[in-house]
Amino acid sequence: MDLSVSIGSLRLANPLIAASGCFGYGVEYAGAVDLAALGAVAVKGLFLAAREGHPPPRIVETPSGMLNAIGLQGIGVHRFVAERLPELRRHGAVVIVNICGTTIDEYVELARILSDAEGVAALELNISCPNIKEGGITFGCSLTGTHAVVSAVRKVTRLPVIPKLTPNVTDVASFARAAEEAGADAVSLVNTFLAMAIDVETRRPRLSNIVGGLSGPAIRPIAVRMVYECRQAVRLPIIGMGGIANTTDVLEFLIAGATAVQIGTANFVDPLLWSGVLEGLRAYMERHRIGAIGELTGSLDTSRREHAWISS
Amino acid sequence: MDLSVSIGSLRLANPLIAASGCFGYGVEYAGAVDLAALGAVAVKGLFLAAREGHPPPRIVETPSGMLNAIGLQGIGVHRFVAERLPELRRHGAVVIVNICGTTIDEYVELARILSDAEGVAALELNISCPNIKEGGITFGCSLTGTHAVVSAVRKVTRLPVIPKLTPNVTDVASFARAAEEAGADAVSLVNTFLAMAIDVETRRPRLSNIVGGLSGPAIRPIAVRMVYECRQAVRLPIIGMGGIANTTDVLEFLIAGATAVQIGTANFVDPLLWSGVLEGLRAYMERHRIGAIGELTGSLDTSRREHAWISS
Amino acid sequence: MLADVDATVLENRRLSEHYSVLVLDAPPIAAVTQPGQFVMLKPAQGSDPLLRRPFSVFEILRGPAGEPAAISILNKRAGVGTALLYDVEPGTTIRCLGPLGKPFEAVRPPAEAWMVAGGVGLAPFVTLATRLEELGTPATLFYGARTASELYYVELFEALGVRTVLSTEDGTRGVRGRVTAPLRDTLSATPDTTDIRLYACGPTPMMRAVARLAADHRRPCDVSLEQVMGCGLGGCYSCVVLTTLPGGTPHFVRSCIEGPVFDARHLVWEALEG
Amino acid sequence: MLADVDATVLENRRLSEHYSVLVLDAPPIAAVTQPGQFVMLKPAQGSDPLLRRPFSVFEILRGPAGEPAAISILNKRAGVGTALLYDVEPGTTIRCLGPLGKPFEAVRPPAEAWMVAGGVGLAPFVTLATRLEELGTPATLFYGARTASELYYVELFEALGVRTVLSTEDGTRGVRGRVTAPLRDTLSATPDTTDIRLYACGPTPMMRAVARLAADHRRPCDVSLEQVMGCGLGGCYSCVVLTTLPGGTPHFVRSCIEGPVFDARHLVWEALEG
């Protein structure tokens, strides 16, 4: 039974990836989860410099979801390379580094630094974080911006380049196309949905940042649709995510068109879920006589049942 | 205590409106709910002609939400005017008619017919139904389309004109602006989010229509954010909706910027919720010494707390 | 008439790994429920799962003075909601809306009523059998299940004067095979002069077969359908079934308010899933 | 070390309308929990509410052979999750992840340990008091609540050899007023030569006041904070508190893995809500 998948030149042992921002720098989980058993670990979004992020409250629970406005607190790329990367390597993790910049030059600089570092498997370009005003999302909401960031990074690295798309757009498939044209090796989607929650007693926003990003099971049906749309639009591998909490959810994304998936919010609820989900995938493949998990990708059967008895 | 609100020239006794497509033609609920006690009833989306809609399955439950692809089954405007409207009038309902067309001419024709009918309080232009291919959503996803439909209908009716906006766009506030410029009296938002669900055992879509619209508590935080954004962009009254299930949720939309709200999916779960929500609003206003509910609209306090001790 | 009750679970009798009978304290609903009507239950607090689930009223239970006091539900585990209801402990409250839907019309003597139930399709027939007994209508229950241990409440029907014809797929009780086999035999053996009305509830393939038998033997047949229902009140148009009047064009009607009981001849059976 | 247990609720003792003690069958967690550590509980099946909630391990309960067998949680209703836990019936299973967080460091004699608890802030102190008893460290508990009936488990602490100083806001038991009043008085009356370490847990204003008193009297003070926590494992960065080292710049650290216990001097108290 073959669970491995390819994302550009990168071969993953299985399609399960810890989602960026939901798994710290990976090392936090090394005592609880066998990092080498994951397809990959997408580490917390990194800027060039260290950042403090937004003041608390940074998260709010919502029905079947949560809002976050962490504001990309982080240690910066240099400390990451010096301190976290060696540890991740020691644990045998396949590391996807999620990078954020406020200018194209910053993305390029980050890509250069990480291309020279040992133990980086791929770059995920965060052009979709809804929680910071500067940069990032500006690129992610404009086709030319997306194209520009991806092609600039493409020029300076041989690592697989994976722009991460925002769902806060009218036509996500056109962004996947722009990424493909600019030389991306894959796209990942979705980042969080811009959203907010209000404390009606104080009439103040529940997040210090006013708005935040919605993630978790609540958004899954929208994310699945977006993966499905992108699958029709591009040939690139798609890394799908948004509300995945169990084996069935993973399968839904694969069948809709994803080659691999990321699990974010559900990891907060159920940090030890990985091995169970993997086992569930194996059981499903056995039951359905599927030899290689790649066969599932985009295998949705949309042939209409016959409804000859009614016109509309 | 004043619970009444104004939507253009229309004065509603309270801000609670039954959402279109979630309350049949209203008459179905006459035995269970006092229709005259609602702010208004938005009836199921009407085309000129009768339609059968999509084959079942038409709905799927999702985490804290549901997908629907009803396909606007309906009796057509003529039967509505002849059969349902008189009954609604008898029950004392304030009737908002939700209209759908595949061309601007159809919207205009519907508006004409309904303007001549007795007992129509306002027209809600459904340019945002994600479940039908023709028309509607095409206007709702284009600024010029939105402007064109609204101004065409504006010319032929003195009824309040309320375009209903789709959330499936990058910048919903720009659509509110287009509606305002075209002469709308209010905007209502949000309609459902385009989404899908897959049966992983059969690898087929769970809805006969493949995709459907996500509604319910799951989407509330996104809908609140969109209302808040539109509040910054236009002076028009906003009718807010998306996942409202109780008094607190109503208050969240009002504080974000809505003048009135619609309740859709929650009415399926809790069809007798109306009087309790209204009572809840009264209790809140008493507790917070609010004389007129309009004072709440857009009263979100976004002044930042002092965070002098940290820069970012 | 319609009530939405915060019903306390008085009892949850597990009949097997899959079936339980949930007794709900709901006097206003018990007082007015007609045979074959249903209620909408909210299986959990919070919004996951979000929607209510439709369940036939199984029994109407009476208090010491004979007043309708509670209803019971025959619950079969099918997914998340029915599993939550199966697990529920007495003392919990469950929101219960009803009664809903068009009831069965019970025929009067000299006509006979033949009820045909498959599995959990038994649920709407206790209320119907009770009404038939009141009317003095001769009643038969054809009742099929997978295996003997899944044939429930047979004695209850017998106590209501109902003749029972049982079948199991594995032959552990009654006729071996589908419930439609004894039905076919009995229909064939019954003279045309006997006025019979069929009532069926169960899996769609079973009801389809019963409808065909009824048509073949020119017997009127009412079926109680189990469509997915978003609201139960006619608000959402999720529960539609394709119906057609003789010579008419097919048309989707809402099974929550125009059903769940339909004249089998009015349904476009090919359009029903299952 | 870390375990995620499907823990059966063995008991749910309602102490009052707001408080209950939930006993959870979780031997692997009971076996390794250190004083002041916490667990993350999933209050309901399904995804509403979605996230787990952090709770201090209140007691470690032992089986017949003295082996750690279960833990208890002192649960105070604050919102949807704690209300669900308050209502939970024995027999239900609850997912329980732990133990988590940095424990209290118990001082050794001749130093003394003074614990200061406000309301449900009592929770982490049973495990600490147990450790202190093992070490032979003289221990005092300053414990305040709204009213006498909300002062729980005082005897348990006394049985562990802890001197208790009680206060209630309404004066129904112990000193009338805030717990910080007797603490201030006792601190002032204690010679500088006595080596004392303070440990505090309770509402933020209380902890802030204790931290100030500790600073005034130059006593070391550890506080256990209750930040909103998304994951409890360092994954989400939701639970941060602003800390600062003498002369350093303020910096957000994750209270789930760098806390919940902090040296009071390292916290930027003005930045804490409440």
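Lettered A, B, C and D in written order, each chain numbered from 1.
Throughout what follows, a residue touches a chain if its C-beta (ideal position, glycine included) is under 8 Å from a C-beta of that chain, and two chains touch if they have at least 3 such contacts.
Not measured: the values here are computed from a predicted model.
Undergrad: Give the chain pair, either B-D or A-D, that is connected by more C-beta contacts.
TA: Output for the comparison: A-D.
Undergrad: Would you identify the chain whose Cα-based centre sits farthest away from the centre of chain B?
TA: It is D whose centre lies farthest from that of chain B.
Undergrad: Could you state the distance in Å from the CA-based centre of chain B to that of chain C?
TA: 36
Undergrad: Taking each chain's centre as the mean of its CA atoms, how far is chain B from chain D in angstrom?
TA: 47
Undergrad: For chain A and chain B, let me know how many angstrom lie between their CA-based centres, rounded off.
TA: Once rounded, the distance between the two centres reads 32 Å.
Undergrad: So which stretches of chain D touch two or more other chains?
TA: 46-49, 242, 252, 271
Undergrad: What parts of chain B, by residue number, touch at least two of the other chains?
TA: Counting only residues that touch two or more other chains, chain B contributes 52-53, 55, 63-65, 216-218, 307, 310.
Undergrad: Name the shape of the chain contact graph, picking from line, ring, star, complete and other.
TA: complete
Undergrad: Going by the contact rule set out above, which residues of chain B touch chain C in the complex?
TA: Per the stated touch rule, the residues are 21-24, 28-29, 31-32, 44, 52-53, 55-59, 61, 63-66, 68, 70, 73, 216-218, 245, 265, 267-272.
Undergrad: Which of the residues in chain D end up touching chain B in this complex?
TA: Within the complex, chain D contacts chain B at residues 46-48, 242, 250, 252, 268, 270-271.
Undergrad: Give every residue of chain C touching chain B within the complex, in rising order.
TA: Touching chain B from chain C are residues 1-2, 4, 42, 47-52, 95, 97, 227-228, 230-231, 233-242, 251-252, 257, 271, 273.
Undergrad: Contact residues on chain B for chain A in the complex?
TA: Within the complex, chain B contacts chain A at residues 51-55, 62-65, 67, 71, 141, 168-170, 193-198, 200, 202-205, 208, 210-211, 214, 216-222, 224-225, 228, 243, 248, 251-252, 255-256, 284, 299-302, 304-305, 307, 310-312.
Undergrad: Would you pull the chain B residues touching chain D in the complex into a rising list?
TA: Chain B residues touching chain D: 63-64, 217, 307, 309-310.
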